[in-house]
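In the part that follows, the structures are each spelled out as structure tokens.
Here come two complexes built around subunit A, the first alongside subunit B, the second alongside subunit C.
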Partner chain A sequence: MNSDLFVIPFNLGLYFILIYSVVRSTIWFRNLSRPDKLRLQRGFFGKPFMDSLKEIFMESLLHRKIFRKNPVLGYMHMSLAFGWFLLIVFGTIEADFFGEKHLNPPSHAIFFRWFNPDHGTEGLAKLYGFWMDLILAFILSGLLLAMVKRFIPGMMGMKKTTKHTWTDRIALISLWLIFPSRLMAESFTCGAHGSGSFLTGTLGSALASFLPAAEIAPFFWWLYSLSLGTFFFLLPVSRYFHIPVELLLIFMRNSGITTGDRHSSYTEVQTHACSSCGVCISVCQMSYAAGINDIQSAYLVKGLRNDRDIAAITANCLMCGRCEEVCPVGIELGPMRLIERRQGEREDRRLRFTERYELTRRRSTIEKEPTQSYGYLTREEPEHAEVLFFAGCMTHLTPSVIVAMKKIMESAGVRYRFMDEKGGVCCGRPLMLAGRDKEARELINHNSDIIWKSGARILVTSCPICYKVFRESYYLEAQVMHHSEFINLLIEEGSLRLGYLHRRVVYHDPCELGRGSGIYDEPRAVISYVAELQSAVQEGSMSLCCGGSLGNLTLSSGKRAVIAADAARTLTIASPDELITACPLCKKTFAQATETKVSDIAELVAAALPKQVASRSKKRPARHPAKASGNG
Partner chain B sequence: MKGTPQHVIIAGGGVAGIEAAGTLADLGYRVTLVEKGDEPGGHILQWHALFPDRRPAGEVKSYLRKRIEHRNINIITRTTVEKIRHHGGGVAVNLSGGTEEKADAVIVATGFELFDARRKEEYGYGIYDNVITSAELEEMFNRNRIVKADGTVPSRIGLIHCVGSRDEKVNNNHCSKVCCVTAVKQAIEIRKMLPSCEVFCFYMDMRMYGPYYEELYREAQEFHNVNFIRGKVSEASVNINNRLVIKVEDTLAGRPLRMELDIMVLMVGMEMAGSGMKLAEASGMKRGINRFLETTDHHYGNNLSSIKGVFYAGTCTAPMNITDTISHARAAVAETVRYLNGK
Partner chain C sequence: MSIDQANKFGFTINRSRLIDYDASDRKVRDYITAREPSFRLCFACGGCTAACTAGHHTTFNLRRMNTYIRRGEIDPLREEVTRCMLCGKCLLVCPRGVNTRNVVAVAAEAIRKLDRNEL
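Right after this comes the complex of A and B.
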């Protein structure tokens, strides 16, 4: 028997990473807020636990989501993750079943062939050996694809991949060496002993025919152990840390923990759960339309992980949410970026190697001090109203939308008050997007006061930006409705009589209304009621951003125009008569970017109103649309 | 000149095209003037009076009319030049309608288009009745009647500068040069026609670059009580009395301002004409980021295209007033003649 000192690197690495993971998870848990701790504890003994196990199996091992998007990429991830998992599970069973004794240390399972060189020449053991070789071949096929992807990303349908740091590179090399060195180690040992199955046996006997297999074998066993050990040691400071952390993230998310508005253990976990896969770069319009390739979410997270000054990255984003929609790990990228926007100055320090192993980061949200106050705003005494209409600043820049909404509400006999007819106060969302929550809160309080005092039961707004903040950050009794929802309600309850327009139209989901607020069906129902709705190439949750987003704090007009032109081209590919949107900002942006007529959904509906609207509405009794909504 | 006279085609019968045609004809060249409208003349045909001296536009119009009454000039109306290409030693052009014309050189004088004010939706053009453009105001001067859409006489009119000019949001970074002084001229005319009507000009800068422009600006303030407010109008709406309400920041006083107006006049800027863009596209003529035709040198090659035998005249290269357009057209003729003599 040869000396088996070679297991030391593996053992050290394994016990280091196990202890490190346990300690770090414990600290993360300890730093959770009280409610989040309770959520996690409750989740551990209930359905969330089972859901998490299922999700871990489907996503972390099988990589179902990536598979659906790109089968080759999915296979690559699956063969490495699931294959390695199988190798560990069946290797442990093999060592337990065929080994000298039960309950072996892990090294005995991992280096089974070294300890049992003559094993598996007949019977069940031979069959089992075949199975183990099959798993190894499965992993090696994935590894081959991974190498191809690294050198020729286009082959895997990926336009962009993220850049590696040097620790990532060493970790990657050690990861890549693990399985080929195992193959070579097992083959040489099998070759020397005449054992092994179709892969290790065949390769082994071939090698042994012209090489001194028994002498060479230990070299590869050392290499195998060293690459495993190196990989485990570098794991916490490399991108591959995402593998164990993602498991924790799945448990936390399924227990109901969300990002919130400041840094916490959960943002830490999300930061480390990012695999830098680059899917967020591929779908980013800033990347493929405007050629900006250094601000995407993968770089934001990487900057957070390494404690860099990422203010420029943070500010330069449309906040459209497409990356969050496709993130295979399910990181809440939008809220994470907003937290960073709230952050004041941060020094840009390059972490020393050892610092990157630190168990806790001193990252805290030092919120910017308010730069201005809205103390000059005077309190208003609004008139009582059943329905309150808030056009919003952006809608005031598209007066045709206001004119259309007035016509529609008059035609339906809605008794409404126009809250910001003479100019109102901003809803606060643009300030929140800029990370200025304290200032935004002043505006929110001002508007809330007016809305409460009006006694309105429904608050209708024409702007998805206002809509989102009304729903999420205001405490209101009134039901908040975007005008597309409100028009749909008016149609459903029969108070709006409309003709049919013989126009083919395409609908653009505004970011804040679709992905931001989940309103996809109502606008489509309204449009289909009055015109022929074509489907768009990218719609629903993958709808494009118009490029005019208030979410980006630094993007130039020129780049915005390029993004707008690209999005408009995609939307009008089937040459519709009209491009319909439900956001004044999208309307204004697209109007500069395409020859196709651009209208708001309210304008389309107003065009379908019967003529002589004014005289008709006077004859009709006023109606209260809220009655039909049930929850108004 | 001996033998048959050389032939030059001029694309566009506005001020530049007419001046170039007349000058070439005087020099003995044969000219074909291609005009897309019913008659040559261009934008000036709609104009009532010209800055800086407010002389009647008719005086310049009759000068231009006489300029092309020449036996060497053949005028083709309701036609556009669609493509210019090389043919033998000269050039050939494709005309709308499918015909072809051969010549020794071409002068492109396709001119400008007024900015479509509907693209600045926040000003409500096409939505509110009493929002009009500077060109429509000029037509009111022609009819000698300034009234609101309902026929009543306005008591306050606002002129909004830089509509579609110096505005990144509509992809126009350029200054259209003539709108400031046009606004001053029109403000004075309103005040003279309706002495009881207040007039406000909302500007970013007053660009009084030409001779006697500054004097006109001073006159407007000293003798005609025109109010100038530095600030860009952000939005317009109508109130219950159907009066326009504008929001603007008075940047000199440093405070926001809301004002009611009876008529809002949008001083629309100049953009490269659509027909010129199509011609440039089809013929491989270069355009700058402001979409106007790009000449070979801003200083000493300002009539030259990168295509042999093709020359540029007038506002197809940049916004210009009438004075500069006429000079630019004569310069284009000089370049054309130099080229033809060298052939």
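Right after this comes the complex of A and C.
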């Protein structure tokens, strides 16, 4: 065994990456906020720890989420991750069990065949050799798929795959070389010694029949070790750093750490946990409908990782949340992007190769000053009301929704006040989406004041954008309800009598209501009560964005129209009589994009009201003084 | 304005509305048109102003703001941009597809940069 010098690249790489990972994790832990540190410590000694282990097995090794999305893609990831894991585990056991001594260094397990060329010709060892060959074949089949995917993404159900940096590319090549070189190295050694199982043995004897196997073998052992070493050295500066970091992310997430609203160790961990798999690109409507292929979450994260100026990427996103829904790593992409929008400008730095290894990189940003101020708003003294109705800015552009809501509430005898009848103040969500939280706070305070003073028990809004911010960023005593929830409540209470419309309709989940606030069932319950609800092609958590989203600051109206037309086409594929939505902005956007009639859920319900409502409502004000003032 | 002045005939009564293009600062306009080219599509119909949420509470007027930007009148513009709530209603009514919301955001950014001498 004179030539086992070849283990040096592997050993250097392995110890480098182990030490680097430990040091970096320690620094990340040290930079966590105090509550997050406590969460992580508590999580380590409790149930979250077991949950994390289970999740690591299911997601990091088996890749269950990707499997659900596409079996071939799932198999590819599983064979590489789980196969490699099995190879390491069983390789270690093999070296420990069949080797000369116990507790070998890792290199003895990895290069087992070199050190024991005659091993595995009979009995249990032969069976074990068969198993090891099977694992290698399993990995190689996944590798073959990975190569196919790189050149023909469509075969794995992927519309697009990510573009690589040069370090990624070298790391990828070394990763691709690891397993074929192992196969060749083992085969040549087995061929020279007449050992090996169905894969290495057969290939080995075939090669040895016309080549000097014993002389060629060391070359492939060197290649195997070098590719492993290179891969380990490039790990921290390539996308493959996600392999160790994802484990840390899972522990952190299961301990209850969330992204919050500013950069922290956790956002840093999430940044490095992104594998650039490209699933976010392939579901992005901006990509497949509008042909914009450089702003997706994978590129946002990559820009963050490499300290690039990503202002244009950050602003150009609909914030629909589809990417976050499918992210196999579970990165909170929406909050990450909002944090970045809140940040001031970032210095564009082309990092030198060595700089990428830096453990703590300080981001150079210029603090963002508030640009807006709303000192001109005057305090109002609202009248007392049980139910407060806030239409929202966008709803004022679809007056038919307001008319419908008025009809519905009058018909159900609701005593309500119309908070922004004469034009209210914006809820603050659009400012937050533009990364101007300080300014939004002013509007939130203004509106909160009115809502608190009114003493309302329920706050009904017709706009999902307002709904989300009312629920998440306002401190209110009133229960916040979207009008679809409120109508559902009225139906369940029995205070709203409705007829049945013989129409086939399809429902579009607005982003802020569905994915944003988790309201999927109430609108469907309401619609099914008055009409025949067809299912859409992509609905629920994977529903499409209408394209009109306020989340995007820079998208041109032309591109918006293309996205809207594409989404409308998908929604109306079963040619329904009507396309129902629950958001005034979606309604406005779709109305220009499709021939099908587009209505709000409130309009549909109002159409199902019994005909005599109009005459009845005229008598009502005398009985309900509060409501009478609400109308005028 | 004193009575003495008011009694005089001539052009001294009203402040001159003559635009001195040499004195106008076009940096802001150039900055905006570079980052939001749709700004140039505006034909000043005033739909945005009619729909405006902030305009309901104050004198904020997006159409007038456009004029300020085009003429390079920075001082009144500086006042004007702070009032917008970025609610996006103007975006929906614009018949020319101008990305009005971003125009305001970029204008605010331009003013900030101008004040820091970065433009």
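We adopt the following convention: the second predicted complex is superposed on the first by the 608 of 632 C-alpha atoms of A that agree within 3 Å, B and C clash if a C-alpha of one lies under 4 Å from a C-alpha of the other, contacts with A are read in each partner's own complex, and residues count from 1 in each chain.
Everything below uses one rule, namely that a residue touches a chain if its C-beta (ideal position, glycine included) is under 8 Å from a C-beta of that chain, and two chains touch if they have at least 3 such contacts.
Keep in mind it's a predicted model, so treat the numbers as computed, not measured.
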item	value
Subunit A as common anchor, with subunit B and subunit C clashing or fitting	clash
Winner by number of subunit A residues touched, once subunit B and subunit C are compared	C
Touched partner set for A:501, first subunit B, second subunit C, both or neither	neither
First (subunit B), second (subunit C), both or neither touched by A:351	neither
First, second, both or neither for A:557, with subunit B first and subunit C second	both
Touching partner for A:591 - first (subunit B), second (subunit C), both, neither	first
Touched partner set for A:400, first subunit B, second subunit C, both or neither	first
Touching partner for A:137 - first (subunit B), second (subunit C), both, neither	neither
Touched partner set for A:423, first subunit B, second subunit C, both or neither	both
Intersection of the subunit A residues that touch subunit B with those that touch subunit C	396-397, 422-423, 557-558, 588
List of subunit C residues in touch with subunit A within their complex	36, 38, 51, 53-54, 56-58, 81-89, 92-94, 97-99, 101-102, 105, 108-109, 111-112
Footprint of subunit B on subunit A - complex, ascending	396-400, 402-403, 421-423, 557-558, 561, 587-588, 591-592
Contact footprint of subunit C on subunit A as seen in their complex	369, 371-374, 376-378, 393-394, 396-397, 422-426, 430-431, 434, 436, 443, 548, 550, 553-558, 585, 588
Subunit B residues touching subunit A - in the complex, by the definition given at the top	119, 121-122, 124, 127-128, 168-171, 234-237, 239, 245, 247, 258
